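What follows is a group of structures, each given as structure tokens.
Here chain A shows up in two complexes: once beside chain B, once beside chain C.
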Partner chain A sequence: MLPNRSRTSVLVFLLPPLLLYGAAVLFPILQSLFLSFFSWNGISDMEFVGLDNYVRMFFADDIFWRAFLNALIYLAICLVLQLGGALVVASLLTSLRRGRELIKTLYLLPAVISTVAIAFLFVRIYSLEPVGLLNQLFQWVGLGALERPWLSDVNTVLAAVSAPEGWRFTGLYMLIIYAALLAVPKELEEAAVLDGASRWTLFTRIRFPYIRPVWITTTIMATTYGLRGFDIPYLMTNGGPGQSSELLTTYMYKTAFTSTDFGYASTISVFIVIECLVAVGLILFLLKRKADS
Partner chain B sequence: MITQAAAPPTATAAVTPPQPGRKRRRPDLFRTLSRVLIMLIVIVQVYPLAWLFVTSLRSEHDFATGDPFALPGSLTWDNYARAFETGDLGRNILNSLTVTMGANVLIVLLGMMAAYAIQVLGFRFSRLVRGLFLVGIIVPVQIALVPLFIDYSAVNLLDTYQSMIIPLAGFSLPMSVYLFSSFYEYIPNETYEAASLDGAGPYRIFGLITLPLSLNTVVTVVLVNSIFIWNDFIFANTFILSEELKTIPLGLQNYIGAMGKVDWTATFAAVCVTITPLLLVFLVLNKAMIQGLESGATKG
Partner chain C sequence: MKNLFRAAAAAAVTALALTACGGGNSTDPSNVSPAGEIKPREISWLLSRPADGAVINIMKKLADDYAKEHPGFELNLITTPDRPSYIQKLETLAAANKLPELFDTDATPFAQQLAKQGKMVDAEKLLKTLDMYDDYRPAALDYQRFDDGSLYMIPFQFELEFIWYNKALLEKAGVGVPKSLDDIPAMCTALRQAGITPIAIDGQDQWPLERYVAYQPFREAGPDFIQKLKKGEAKFSDPAGQKTAIWMAELGKAKCFQDGFSAQGYSDAQNHFTSGQAAMYNIGTWELPSLATDKLNPAVRNDIDFFTLPTTEGSVTAANEFVSPSGIGMAVNARTYDPLVSDFLKFALEKYPAEYAATGALSPTTDVETAVPANATPLYQKALDQAKDLGEKQAMPWDTQLDPTTNGRLQQELVLLVQGEITPQQFTDTMDKTIAQNAPKFFK
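Presenting the complex of A and B:
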């Protein structure tokens, strides 16, 4: 603490950032909470409906539950691709002698590309007519039977819109995990190797426990990002066909800006926030507890 | 999906118990395997982007009929000409630059100020304020869409640069505050005490000591946030209506014609044009950017 600071100086430095943050983040959260108790289409008078929106969401809205389930599957696919892929590549990368920097750069490349560009790209990759990259690949390896229009098949569309999001950010998480793996003390690893530890034991007993704090952070990042996933499903299928790739976020968006049901849309966004907080709490609880045992 | 399918071989390779006679060969086998696997995964990451670029140079006919993996018979720049005719790419890029710079100025300046107040000046509720900023990292941006849409229409901010800059800066501010304050932790107290003895107040200390020392962190903050701001789709899509204000992601959507008909090769040409600026920055500054992303996560 500075000795001759004054109350005014603290306020001068603190108020402008809090003002922006309050206006853009904190106040809208409260406003959503408030709106979730009203029925309002943006034009007519707001009508207080108490818990009606919540009752409707939990007990009378099949689309909501469908979208919630889809969002969980979307999240699971993203996590496997992002964290699983990141961990595998990061571990392999530490065994390379040369070219690490180049591979890091190449691997991160998709993270720089906008979601709109990625959506365009993957629409073509999945296309059947003219045959896109994925279907062509299946033809070549003799899996022609798997050929299909991935985005209009109700059984594959959800996985098809989830994979690009996983693909996009796996490089980011790889970087973080790789940096953490590099920080594992070499003496520890060498001592374990001398004791005859296999690569697997080395990984589970020494490397992974060492990077656990970073793993918790990356899991939280990937989960909160996965739960707010919106752009790619919205752009590629807009939740369709039917509701088969509808996520809570796309459903909320359509409720707000297509059906202009601001009250109900706010109820769904409140649910999304709570879902994020619960997810973070769960991750901390599960991963921290394991660390203690 | 290929990453998933490729995972088991490593696991088995790693689980294989050490066999005395092969001890010297095993590391080589492992190394070769991991090299092949890394190459495969890198191809999965990079090939689609290379394909995007090659397709943007393909003739329309070639694209509609040919094998998608084949190299084009002839290269053409026609797609780029059509891309510039269809959309106002120059304008889109300029708008994205305006929004990215505007948001970055706010994020850097306000982030530094908040971190200075919390970390250097210190006050009674500093822990509470720090916690408030944490909320912004966890909470999804979608929560702000409906309220901001309503507020903007009340104060006539819909369809302006500010309507994009405010939420983009607001949601990036927490990360910036954390990066700056974790850096300020390492500035020794003696530096400030010496300056204080010389009679410098909090404002002069901020301007003469903290600000100049923060330059490296500024680069990190700008690089990390620019990726997200430059590519923002959801705020722009919600708040922007007029063509003149459309940023790159919105501009690209104009290439979807009536009834969903798309001129794919021209669209891919437009995509290539619009990803070039950030891609160049990334390739030139990739060391700094990679460092920034790493520290953003481990400290944030």
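Presenting the complex of A and C:
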């Protein structure tokens, strides 16, 4: 228990960031909630429409559901690449004797490159005419039949825009997980090895349970970033062709700033906020339950 | 905690109420010659034109000249050449009631709402007061007009859109210049068989593909079709709408556009054509400096020519009527319009046409002669001469006509239609439904 005076000082120091958080995060969310009950194009008079926007979103908007589904697929691809990739690379790193620093830096590099540069880079990589790196690779290894305009093909575009985002942050999560793996006590591992545990048992029974708290945090981080994904799909395809790579975020942005339908865009943004909260709640619930059992 | 929520909610409501009330104080938009003293100050022009283009360079120079006589005057040019980003910026500023003295806009439904709210100065009155109205090409002014014929934007350009083609490639495939729009799909098939990309198109920016959907209805039903379509008075299921939906699907089936076009940008498309890989390229006279001068790749320079939009059988518009835009127009903010803005516009608009024509571009006025640059190919003069023989009607680009939601959906669905992902019937159903949903809000 802190003495009275220092408790006051803690409160005094906590207050400014709390106020800032309120003004920068809570206020806009409340404002969106408020706007979602109105029809407003920015220059007309605001018209109260009650729950009309919500009814439209859930029952009369095919693009919304398409974008929601796309966002889930986008999230799944990002999570597999980011968390799965990070775990594999981090585990391999711990068994490496030399060159760890170099490999760590190389993997982290994409995370420091600007998004716009990454988007343009990948537009070139996926290009068919002039032929880009990916299609060129397929030609070289004799898989010419797989050549295609990745960003124009409705079947591949969603995966194609998800991959750069996944690739980009693999290094970051790898670093976090790697740090956690380093903290696993060596004597535990040695004891297990003496008892004849295989590498797989070692990983599932000792290492992973030990890094679980870090794993939960990274999962939450990756999920919320994935659900908020916007820039790379927006820059690479602007949601197209058709709605094949439209995410909830890009759809919301277009609704607000292209269609100037601020009321309806706020409705979508309220949905995104709730969706993120539900996702985090779900992760915590599932992982906690697993830990308890 | 409860109190905190209550306070936050109250703050949210107050802030919104304040922003909503901010739009009241506009001056009379028809008062084009405000009385009073000219007080030099800095004024801004929010525009969407190339940063080192002729319009900006000339206006900068004219503003400097004006500032010499009026110390303290400055013209602050804020350009966002990328059109979708610009429109977002403009609409956000309009929503916040923070538009500068001058701003660019097409004759869109959104701009019409601004005009209706008295936020823009009546350009027709303004030009008439300056005694310049009759100097402008009627087509240049018509392009800027709203449906009701009112004029709130001043043009700074005049362009003609042609279909440029490579004679050698057409010859190689054994096809001639199309006599009718309906000849194009068969032409594409022949070109593809000869291993040539028929048409290079910038799919990323979406408006180039949207041009094509406008062509058949313009020939079949004239310029009225889009005016009715956007309000829901005409439909894609009407004969003219069906003709364009089926034609677009045919273009796609004949693989008219380069593979993966939807992810290719403006310069990709142009390079595809100027490097001799694509046979046709639909673009306006703003590209004359790169298509009709010695800057053009020497390997194709003697093979390049152009034709104007082909007609069709039973076409209600003539061969000399096609897309002839006067570019994005400049609107004058009524709220900040004062003797200074009025005086500067008078000064600049009078001197602008001569300066602009000297750069080799077509002026929106007819009182000056365009100077053909020294490095031009004969095609340059041929293109300029087309402006002398124009019909009365012009094909309007649809992206300036439709409400933004319908426009966005049309751009998306067109790609799917051309790629063969949806049928003309599905396209028709989706678009008619979208127009029915969104048009009433915009055109009430």
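Keep in mind that, in the parts below, the second predicted complex is superposed on the first by the 273 of 293 C-alpha atoms of A that agree within 3 Å, B and C clash if a C-alpha of one lies under 4 Å from a C-alpha of the other, contacts with A are read in each partner's own complex, and residues count from 1 in each chain.
Here is the rule we go by: contacts are C-beta pairs under 8 Å (C-beta built on N, C-alpha and C of every residue); 3 or more make two chains touch, one makes a residue touch a chain.
Being a predicted model, the structure only gives us computed values, none of them experimental.
Participant: After the superposition on A, what does A:L227 contact: first (chain B), second (chain C), both or neither?
Facilitator: Touch partner of A:L227: chain B, not chain C.
Participant: Going by the contact rule stated at the top, is it chain B or chain C that touches a larger number of residues on chain A?
Facilitator: So, of the two partners, B touches more residues of chain A.
Participant: Check the residue A:S114 against both partner chains and state whether it touches chain B (first), chain C (second), both, or neither.
Facilitator: Only chain B is touched by A:S114; chain C is not.
Participant: Pick one for A:F27: touches chain B only (first), chain C only (second), both, or neither.
Facilitator: In the superposition, A:F27 touches chain B and chain C alike.
Participant: Should A:S152 be classified as contacting the first partner (chain B), the second (chain C), both, or neither?
Facilitator: After superposition on chain A, A:S152 lies in contact with chain C alone.
Participant: Using the superposition on chain A described above, determine whether A:L35 touches chain B (first), chain C (second), both, or neither.
Facilitator: In the superposed model, A:L35 contacts both chain B and chain C.
Participant: After the superposition on A, what does A:S44 contact: first (chain B), second (chain C), both or neither?
Facilitator: The second partner, chain C, only.
Participant: Given the touch rule stated above, what does A:V280 touch, chain B (first), chain C (second), both, or neither?
Facilitator: first
Participant: Looking at A:F262 after the superposition, I want to know if it touches chain B, chain C, both of them or none. Which is it: first, second, both, neither?
Facilitator: both
Participant: Just to be sure I read the superposition right, which of the two partners does A:R212 touch: chain B = first, chain C = second, or both, or neither?
Facilitator: Neither partner.
Participant: Which residues form the common part of the chain A surface touched by chain B and by chain C?
Facilitator: 26-27, 31, 35, 42, 130, 257, 262
Participant: Using the touch definition from the top, list the residues of chain A that touch chain B in their complex.
Facilitator: 1-6, 9-10, 12-14, 16-18, 20-21, 23-29, 31-32, 35, 42, 80-81, 84-85, 88-89, 92-93, 95-96, 101, 103-117, 120-122, 124-125, 130-133, 136, 163, 167, 170-172, 175-176, 179-180, 196, 198-200, 203, 214, 217-218, 220-221, 224, 227-228, 230-231, 235, 249, 252-253, 256-257, 262, 265-266, 269-270, 272-273, 276-277, 280
Participant: Along chain B, where are the residues that touch chain A in the complex?
Facilitator: For this pair, the touching residues of chain B are 1, 3-4, 6-7, 10-11, 13-18, 30-31, 34-35, 37-38, 41-42, 44-46, 48-49, 51-52, 55, 63-69, 106, 110-111, 113-114, 116-118, 120-123, 129, 132-133, 135-151, 166-167, 169-171, 173-174, 177, 192-193, 196, 201-203, 205-206, 227, 230-231, 233-234, 238, 248-250, 252-253, 255, 264, 267-268, 271, 274-275, 278-279, 282-283, 286-287, 290, 293-294, 297-298, 300.
Participant: Residue numbers of chain A touching chain C in their complex, please.
Facilitator: Residues of chain A touching chain C: 22, 26-27, 30-31, 34-35, 39, 41-46, 123, 126-130, 148-149, 151-152, 154, 236-243, 254-255, 257-262.
Participant: Residue numbers of chain C touching chain A in their complex, please.
Facilitator: Residue positions touching the partner: 8-9, 11-13, 15-16, 20, 23, 84, 87-88, 91-92, 94-95, 110, 113-114, 117, 197, 203-204, 258-264, 268, 272, 403-405, 408, 412-413, 415-416, 419, 421-422, 438, 441.
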